[in-house]
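Okay, so chain A shows up in both of these, paired with chain B first and chain C after.
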Partner chain A sequence: MEFLEFLGNRADDLLEMGLAHAAIVGAAVLIATVIGVALGIATYRTERPREFVLAITGTFLTIPSFALFILLLGPLGLGWPPVLFALVLYGLLPVVRNTITGLREVDPAVIESAQGMGLNRRQRLLRIELPLAWPVVITGVRVTTLVLLGIAAIGAVVNGPGYGEMIFTGLARVGTPVAVNMVLAGTLGVIVLAVLFDLIFYTVQRLTTSRGIR
Partner chain B sequence: MSTVTPVGVRDADVVTQTPPAAGRRGWVGYLTMPLILAVVLISLYLYVNGRELDSIEARSLNAAALSTAVGEHVALTAVSTVITLLIAVPLGILLTRPFTRRVRPFIITLLTLGQAVPTISVLVLLAVMFLFLGFQAAIVGLVLYAIIPVLLNTMVGLEQVDENVLEAGRGMGLSRFQVLRRLELPLAVPVILAGVRTALVINVGTATLATYINGGGLGDVIMAGLSTNRVLVQVVGAVLTSVLALLIDYLAGLAENLLQPKGLRSTRS
Partner chain C sequence: MTQTPQTAPEPEVMIRLENLTKRFPGTQRNAVDGLTLDIHAGEIVVLVGPSGCGKTTTMKMINRIIEPTSGRIILGGEDVTTTNADQLRRRIGYVIQQTGLFPHLTIGENVATVPKLLGWDAARTRSRVDELLSMVNMDPDEYRGRYPKQLSGGQQQRVGVARALGGDPQVMLMDEPFGAIDPITRERLQNEFLRLQSEVRKTIVFVTHDIDEAIKMGDRIAILQEGSSIAQYDTPEKILTAPANDFVRDFIGGGASLKRLSLSRVRDIELASWPTVSAADSLEQAHRVLRESDHSAVLVLDTEGRPARWVGAEDLRRGAGQSLDRIGTVPQAVVESRATLSDALNELIAARYAVTVVVDQDGRHLGVVDIEQINEAIRSMRHSAVAEARTEFADGRTAP
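Take a look at the complex of A and B:
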């Protein structure tokens, strides 16, 4: 009951933080998707570059977020720039990996028939391979979004936007009743965003998947 | 629940946190990462050594303080990884038995969404709700967070085992338990090894945040730098954390390659 009261009192704050959290994650996902899909398309055919790109983007994901935010503090300062930059780096791997998986799993027979019908390399990619790989690609984007929502909360250590601020303020007040409310509200906020984003992706996936393979 | 995995996308595509397994590499490939890490550490050492440290910086940046922090960090990572695996792998095996077939898509969706729960929330909730702080609290927090991705990995990996192989086993008169022990588990070894690596990488990262609940580790160094406004201390803490994480990931990758069952090695792409 007390928690609901808290949510009521802080509704404006919570909504504003939610919008900021969604905005920075949304922007990071968009950038990571553009770069990731491009890297995937550029490298999926040749083994060396493909493994190189996967190794590099995998390395980004290994670096602990707290450490990366601090390292970006020098070059990018406080606020959203270091958070956005770090989120893009973290978001690349799932997108690149799923783009490569998706494109490589297209049946060679299908590609051969496309070739036989006279489609050139570009037409094959745009009209055959990408549409067939699309569901896998978009699943990568969806997973990236979920992971980034969680990491964005840690962005509060460099004054990043979003629910992280609520969680860290709660921690600073440990021992007081309001602390539990703040941390719960911040966590719940992130989970609500996760469900909302997932629903959006489900819809986007349905709408953008070629009708033949739905 | 409208967020079930759609047709055409296998559950495997939702696993994120697994670092891609290193492919076949020559000895140059094996040496790249340790070389890079060594160069980073040596340049950091030379840089810090060449600077006049004030008394506040010197308090954090000395061999004793730093090795304590690294030791605590490794302890946090090792203990939490062992507990995570002891819980998540058997649970993953249990949840992929035939009786869960109906609810499995639902479980996987829930676990996928669960990856969005911020690491820091899990740790902080323990602190503010139960006033549970310190090393043990950090272990509980780390395990709670890492279970989700490792469980997801194990389940997805076991599901990938070729159904035909299992049917062949049953056709040969193996009992359900024998199929699990003699076919499914050996075939799932790569998955379990990947799970170990995933758990290590996640825990070494999350352990950085243990400092917020007095759990120790390299996060202490970063925090000391933040609270005293000493950039050098922050950077040393952050670089050491990153190097440790990359080193652990590298070693786990090596182990993954070495421990791979022989019969499965050639099939990896």
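Take a look at the complex of A and C:
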């Protein structure tokens, strides 16, 4: 009961934080998708560059987020810039990997017949290969979104926007009655956002995938 | 060079391959080694040979899916060896064994691929799509909006053919187009395709490893050995009756005469006669006819002249008092006159009295075929093929 009361009192704050959280993750996902798909397209046909890109983007994910935010303090200062930058780095791997996988899984016979019809390299990529790889690509973007929603909360250590602020304030007051409520509210906010984002992606995926490959 | 007066003018050469060679990186031998081949307009030329002989590589060099190492490709008089490959491919239909339909596009969109690339307007494209689907026996209204996965293998390959015809190309390349389809459907698609070809008259290069398919589909067959060197390039009749060398003979395999039979039709040979009676005749009349002939049975025809019964002397004795169309046995071995000699032979082997009854399209009796006629047909084919080969040799017209 006490928790619900707490939620009621802080509803405005929570909504504002939610919007900020969603905005920074949304922006990071968008940038990571553009860069990731581009990297995937650029490298999926040649082995060396492909392995290289996967290794680098994989390495990003292994850097502890707490450490990365602190490291970015120097060059990027406080607030959203270091958070956005870090989130983009963390978001690359799932998008790049799924783009490469999706494009490489396209049936060679389909590509050969497209070539035989006289579609040039660009037409084959845009009209045939990307649409066929799309369900796999968008799954990667979904994974990226979920990962970034969690990591974004840590961004509060450098004064980043979102539910992290609520969680970190709660952690600073461990022992007081309000502490648990704050951490719980922040965590719940992230989960609600995750569910909402996933619903959006499900709808987008349904709407943008051809009935012929569903 | 003297031109014999009775020969028709040489048909136009649509595709000329000149000294075409392909060596893949990292290999010792040329996959295709200096192939020179003329393909005439409106003909189906089948490239056939054992696997690894370079037939598919040869075909894929014509639309430059595989770029030749050296040599020239001349299409309708124009050297296309180094022109824009994408432009070239829009002028050449392409059908592959795995079909390669675009799974995310509807059947209509698949067939519209090349018209769209060629920049046709929407109305023209739409009517072309419907025309093509009808040509391959698929109802446009029913199938236009479907996706490839909703079609059977045979239907998918029909769409593959329709799509290849999209831009009304003069030339089609077909790489084992019916290879992955069950035998019954394959036979039907082959027949449909031959009928379609008799209307559209494209120049077709058809690759297969199956000599029987080659004989059936080809106006001309190029039997290829390793490195795509031509063992024999000739009509199916000539290849079967006068194989150029042991390689060709081995490749055709046993039963060349049997295969040859599938190239001629019953209506092209003289039928034998067989004693017949009408179903309305009496048993006594049948008896008399039978006694006057040197056969062991008479064929009873119904009022329309269709074969109704075989009646032998034994049947006549046992069936006393009954009418002729109630005794004896029903003829099983019956073919129409448009059937091949191979069909007729197949029937007569199993048939009673060792003959196949031949009827017209309305089922009326025309005569019979027995083993003598088939034997005679084979001998005359061989005779004329050998004679022709000799004349050509004397004229110096033959290729090596």
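FYI, the second predicted complex is superposed on the first by the 214 of 214 C-alpha atoms of A that agree within 3 Å, B and C clash if a C-alpha of one lies under 4 Å from a C-alpha of the other, contacts with A are read in each partner's own complex, and residues count from 1 in each chain.
Keep in mind that, in the parts below, a contact is a pair of C-beta atoms (placed from the backbone, for glycine too) under 8 Å apart; a residue touches a chain by one contact, two chains touch by 3 or more.
Quick caveat, the model's predicted, so the values are computed rather than measured.
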item: Chain B versus chain C as contact partner of A:120, first or second or both or neither; value: second
item: First, second, both or neither for A:46, with chain B first and chain C second; value: neither
item: Which of chain B and chain C A:213 touches, first, second, both or neither; value: both
item: Which of chain B and chain C A:146 touches, first, second, both or neither; value: first
item: Dominant contact partner of chain A by residue count, chain C or chain B; value: B
item: Which superposed partner A:9 touches (first chain B, second chain C, both, neither); value: neither
item: Touching partner for A:70 - first (chain B), second (chain C), both, neither; value: first
item: Partner chain(s) touched by A:109 [first = chain B, second = chain C, both, neither]; value: second
item: Chain B/chain C common contact set on chain A; value: 213
item: In the complex with chain A, residue positions of chain C that touch it; value: 63, 65, 86-92, 94, 96, 98-106, 113-114, 117, 147-149, 160, 163, 166, 173
item: Chain A residues touching chain B - in the complex, by the definition given at the top; value: 47, 51, 54-55, 58-59, 61-68, 70-71, 73-74, 93-94, 97-98, 101, 135-136, 139-140, 142-144, 146-147, 149-154, 157, 163-164, 167-168, 170-171, 173-175, 179-180, 183-184, 186-187, 190-191, 193-195, 198-199, 202, 205-206, 209, 213-214
item: Residue ranges of chain B touching chain A (in the complex, touch as defined); value: 2-3, 5-9, 13-17, 19-20, 22-23, 112-113, 115-121, 124-125, 127-129, 131, 201, 204-206, 208-209, 212, 219, 222, 225-226, 231, 234-235, 237-239, 241-242, 245-246, 249
item: In the complex with chain C, residue positions of chain A that touch it; value: 107, 109-110, 112-120, 123, 128, 131-132, 210-213
